[in-house]
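Labels run A, B, C and D following the written order; every chain starts at residue 1.
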Amino acid sequence: MGKGRLEAFSDGVLAIIITIMVLEMKVPHGASLSDLLPILPVFLSYVLSFVYVGIYWNNHHHMLHTSTNVTGAMLWANLHLLFWLSLFPFATGWMGQNHFAAVPTALYGVVLLMAAIAYYLLERAIIRAQEPDSILKKAIGRDLKGKLSPVVYVVAIVATLVSPYISEALYVGAALLWLIPDRRIESVLVRTEV
Amino acid sequence: MGKGRLEAFSDGVLAIIITIMVLEMKVPHGASLSDLLPILPVFLSYVLSFVYVGIYWNNHHHMLHTSTNVTGAMLWANLHLLFWLSLFPFATGWMGQNHFAAVPTALYGVVLLMAAIAYYLLERAIIRAQEPDSILKKAIGRDLKGKLSPVVYVVAIVATLVSPYISEALYVGAALLWLIPDRRIESVLVRTEV
Amino acid sequence: MGKGRLEAFSDGVLAIIITIMVLEMKVPHGASLSDLLPILPVFLSYVLSFVYVGIYWNNHHHMLHTSTNVTGAMLWANLHLLFWLSLFPFATGWMGQNHFAAVPTALYGVVLLMAAIAYYLLERAIIRAQEPDSILKKAIGRDLKGKLSPVVYVVAIVATLVSPYISEALYVGAALLWLIPDRRIESVLVRTEV
Amino acid sequence: MGKGRLEAFSDGVLAIIITIMVLEMKVPHGASLSDLLPILPVFLSYVLSFVYVGIYWNNHHHMLHTSTNVTGAMLWANLHLLFWLSLFPFATGWMGQNHFAAVPTALYGVVLLMAAIAYYLLERAIIRAQEPDSILKKAIGRDLKGKLSPVVYVVAIVATLVSPYISEALYVGAALLWLIPDRRIESVLVRTEV
């Protein structure tokens, strides 16, 4: 199987996920500014999830760029990733409509965590298909961001017991980690480690 | 007609089917873990259908890979397959929201059965277009899985009269049949036949 | 502009239209066979519209196949066609949920008629871009089906005043006209004209 | 990263946006013509937004056509544009369902304005990637339409304080500005400036 159709299918699913999330933002009945107010948390959740799906689409693209052949393991690892990403609209809607309550915020973190694990498994499947001379393995290096993100999500899930706002801050922070161009943040992280 | 646009259209439809199914999982009003409980059967149905659409996408891809030209019969056989697959969100939602009640579980089996028949008809249409030296015909061989699946679905539909949980187990079993890599399961099946 | 992206965008829109139509078939609350009964007209409307979108996708593909360059007029004629096709889910849902009542059945015919006119305008735009030696012009010939369909739709719209079932029969008939392979039906039509 | 997948992803998102907007036009319960009447403003809003998304798709295509490589800045500028366009269904539905009330009409203008700004930022990102010899920079020239549109949107947003119908007229006018073929309107604008 060529990777063209794998990319096309993934693009299709990601494009639909990113777009149907907005359907959770129900059109309010009233026509005044105050009618928009209860939607604000849903909107903010939507922005956060939009950025996350954007990051996944971007990284997914770069990762597959290094690959030439598609194995069965890659195919199912990819579907597994798409499965967890497909739960974004549900988790986003539940968190937003309940104004960042503790349990929905924790569930959002669980979906983020599972997606991060699924992404890691896809990475492994691609590297295994490229061994012994994997370009992807060299490209990701020590993969500090990839290892840090799941830890942040776990901390955020636990933090919902204290205050879900700490968790939200952690979700935003982990997203920024990926948004800021790679090399700079990595060198920062390396220095922090020392 | 080239097969590129047939693949692209099928990918688009499959990507949308797999993603809008999640919309049947309505965001609950409460914000506690117990509010998620009634959604659990919908979630489990979603997982099952996600795997089935994934299997169809995978097999569809391999099947079209063997083909070079697209006939009118192939085109309509493909649309016929997409039609039955497009009923997955409805059948999944009905089965999940009724917590695996007998009739919805039977309808789910009917949709699986019709999709399997539609897939078989598409296979035939491609083989006819490739005759007398069909690569696909050689590739599918005796096609034990393709012949076993519809039988499993029929048994599962009848089994809803006894207990829908037997039917669910059969649907899961038939999905696993396709998930486990080909050669191993086929050799097992061949041995069982002896 | 190359025609690749025009085809890809049209495929995307058509794939979404054909799939979201199924969302008008709302999952019923009860779990018995009798709960499916009120959905039957929605299901039948869905089947009809699925076939129509399938025909449009098929013909659209063949039509663009003859074309190499994309003019501004073609681009907007194409968007105009997609606009009327995008009203299929609404018209299908209204007709089905009202069990083929007169006015919704007439509106369905109006949408079919406008889509047929939009298709004709796109055909003209492509032919103008290919003049004086248009392949498409030769390919469609006298275009009996293209000229007959709008007449059938107009008759069907008027017939809703008598009985919407006559109109439904005409919609089904016009769809069959396009489904049956070209040459045979055309030769039949030619003979009828004599 | 090649631009192929950027185009494909954008096409997917735009195709979904343009199609799910129609879902805001809820199927009415009654079956008479008078039941369609309250939907008329939603329909008109839908037509306007359909034309706008069509214009964006068209311009987006031409703009990327001049580009060969994709930078990180372009990628995120593109996602930023898609984000604002993804709010079209919400803004369209709110404006239509409230029959062009002042606040929803203003919000619609805000979304148009933000999309125009996002489009401009994407244009800049592409030009920066092409410097010093940017084809896009030459192609857009003084970009009168690009500079005029945001001004029109701001005026329209303020005009909702007087009458939202003035705003609607301005939104329609700005759309027509883009629909009418380029050279003619630009020469008109140039003459008006003198």
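Simple rule for what comes next: a contact is a pair of C-beta atoms (placed from the backbone, for glycine too) under 8 Å apart; a residue touches a chain by one contact, two chains touch by 3 or more.
Remember, predicted model here, so these are calculated numbers, not experimental data.
For the pair chain C and chain D, the fraction of shared interface numbers is less than half, so the two copies use mostly different residues to meet.
Copies chain B and chain C of the same sequence differ by a rotation of 90 degrees once their CA atoms are superposed, given in steps of 5. We define each chain's centre as the mean of its Cα atoms; on that basis chain A and chain B are separated by 28 Å.
For the pair chain B and chain D, the distance between mean C-alpha positions equals 39 Å. Chain B has residues 8, 12, 15-16, 20, 23 in contact with two or more other chains. Touching chain A in their complex are the following residues of chain D: 1, 5, 8-9, 12-13, 15-17, 20, 23-24, 72, 75-76, 79, 82-83, 86-87, 89-90, 93-94, 97-98, 101-104, 107.
If you check the complex, the residues on chain C that touch chain B are 7-8, 11-12, 14-16, 18-20, 22-23, 25, 27-33, 36, 47, 50, 54, 57-58, 61-62, 65, 179, 181.
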